[in-house]
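Several structures are given next for inspection.
Next come two complexes, and both contain chain A; in the first it sits with chain B, in the second with chain C.
Here is the complex of A and B:
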């Protein structure tokens, strides 16, 4: 029973790490190819959340599955889990602050599709 | 634009390749030995040697043992240099008698948006807790006074960025004079700890455990069940206060708005 669960954890964890690598690649491509600052910061956030939080959750599962580590696997698992949670709620706040600050600093939104913040400012 | 990108890419690749080949061929000159050298062997064998306590520092963490015991005076001078830097900063900003509450009516609008403020409210106590744990475990696990003090200063820096400096002065009731006091307390503790062995009759400043050439009473290795590694625990704690309060003091001084400065200079 436990061995099946361990195998499941191992494969889910590895899949999460692969997803994280793909997200990092997508984020890097977006950072290079996107036209202006605001969509680039979106790509950077894909790299942070997808490329750091998913692999850390995967690492948590893999550490659960590693029986040979004995007692220490709880240390690895809890460490990576807490790191993932902290990154998950601090990185969006950081990118939000960057985007808001540069919008207020009048960084041009060059190929503009829509800019709700500007519309809200104009209305009030 | 296209050709420029291609040129930059190729140049970077060639540069990396050249550096890699140079390192592989040993072109960077003398490389460190792979085996452990005599000095490192001495520290590794003696810093927590329970069977031969002649040269030990009672600290399982070799780096902390070196910083505060074997090479303690070096760290002492480092702290003194930092003290002078902070003192000169405070002296430069001496004119800044900022009136607290001058802008407090518009305090709600100060700082960043509500998303950043909420996250900072969660993260601020977390960072303070982690820095305290790094300081208190500095003699057992990697870390120590300077690192933990820097982490505490980072917590206050995020609070300044997210809420403005008036949050620290009014809501936390911590002015720059409090930080100055805290830092002085830390420095005086370090000085007393460094001079205590001399007063007890030792020949060495900052002696932690008794050595064969000066066998004055050494610091107690543990307080009850709490392992303090002689004096290293207290040194780490004092350095944590000194560095954290010093950096926070500088950040508080730097974040005074320029209009306030102009207003004070005009008066």
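Here is the complex of A and C:
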């Protein structure tokens, strides 16, 4: 029974890590291709959540499955889990601060469909 | 009374995080965790919990938080990731960026912050500014489908508010 669960955890964790590597690659491509700063933040978010948080959850599952590590597997599992949670809580604060600061600092929003923040508050 | 309760809540959360992060229940880790959590909780409990510390001990709120965690990571995030990844890899790059108004209807500071963080954490939407008097976020959206605030609320933040209101409000 436990063998099957361990194998399942191992494969799900490996799949999550592969997905994370792909997300990092695609996020980097997006950073190069997108036209301005605000749109590039979206590509960076793909790199943070898909490229850091999901692989760390996958690492948690892999560490649970690695019996040969003995006691230390709990340390690996909890360390990567706490790191994933902390990245999840702090990354949006960083991108929000960057977006707000650059909008106040008159970084161009072109190309755009609409900019209601500029209409409401102006760019002081 | 409420100050003691908020101290206790902060202390318990810190201690649990410490024990999970150290991954051991040896006497030294427990004593070290107790000492550091008491010191940090004594300094920061009045800053972290300003109203109604009994919310921390409510089991139903924790159940909703865990349900929201799984729903967010298994359904909402993969959908938004797939959407943005398609836009990045598409040869013509079909983007229609713009900053729209998204009104919110929640009360406590924790809920406002959590909804904003949820919106920012999904690729495709980033909160640029918050207007607390007008009760609305200014969200940079990669594909503006509508400029009407009510439709934007429906499409961006309705599910987040539905869950997080039961957790924090």
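In this text, the second predicted complex is superposed on the first by the 118 of 124 C-alpha atoms of A that agree within 3 Å, B and C clash if a C-alpha of one lies under 4 Å from a C-alpha of the other, contacts with A are read in each partner's own complex, and residues count from 1 in each chain.
Quick note on the criterion: a residue touches a chain if its C-beta (ideal position, glycine included) is under 8 Å from a C-beta of that chain, and two chains touch if they have at least 3 such contacts.
Small disclaimer: the values here were computed from a predicted structure and weren't measured.
Partners chain B and chain C, brought together by superposition on chain A, fit side by side with no clash.
By the touch criterion stated above, A:39 is placed in contact with chain C alone, chain B being left untouched. By the document's definition of touching, both partners, chain B and chain C, reach A:89. Note on the composite model: angle chain B-chain A-chain C, taken at the C-alpha centres, equals 90°, rounded to the nearest 10. Of the two partner chains placed by superposition, A:16 touches none, neither chain B nor chain C.
In the superposition on chain A, A:59 makes contact with neither chain B nor chain C. In the superposition on chain A, A:97 makes contact with chain B only, not with chain C. The larger set of touched chain A residues comes from C, when the choice is between chain B and chain C.
Between chain B and chain C the least C-alpha distance in the superposed model amounts to 5 Å.
Comparing the two complexes, residues 89, 92-93, 96, 100 of chain A contact chain B in one case and chain C in the other.
Residues 112-113, 115-116, 118-120, 122-123, 126, 162 of chain B are the ones touching chain A in the complex.
Remark: chain C residues 17, 20-24, 73, 77, 81, 84-85, 88-89, 93, 95-101, 116-118, 120-129, 131, 138, 140, 142, 144, 147 touch chain A in the complex. Of all residues in chain A, only 86, 89-90, 92-93, 96-97, 100-101 touch chain B in the complex they form.
The part of chain A that touches chain C in the complex is made up of residues 23, 26-27, 29-30, 33-36, 38-39, 41-43, 45-46, 49-50, 57, 74-75, 77-79, 81-82, 88-89, 91-93, 95-96, 99-100, 103, 109, 111-118, 120-121.
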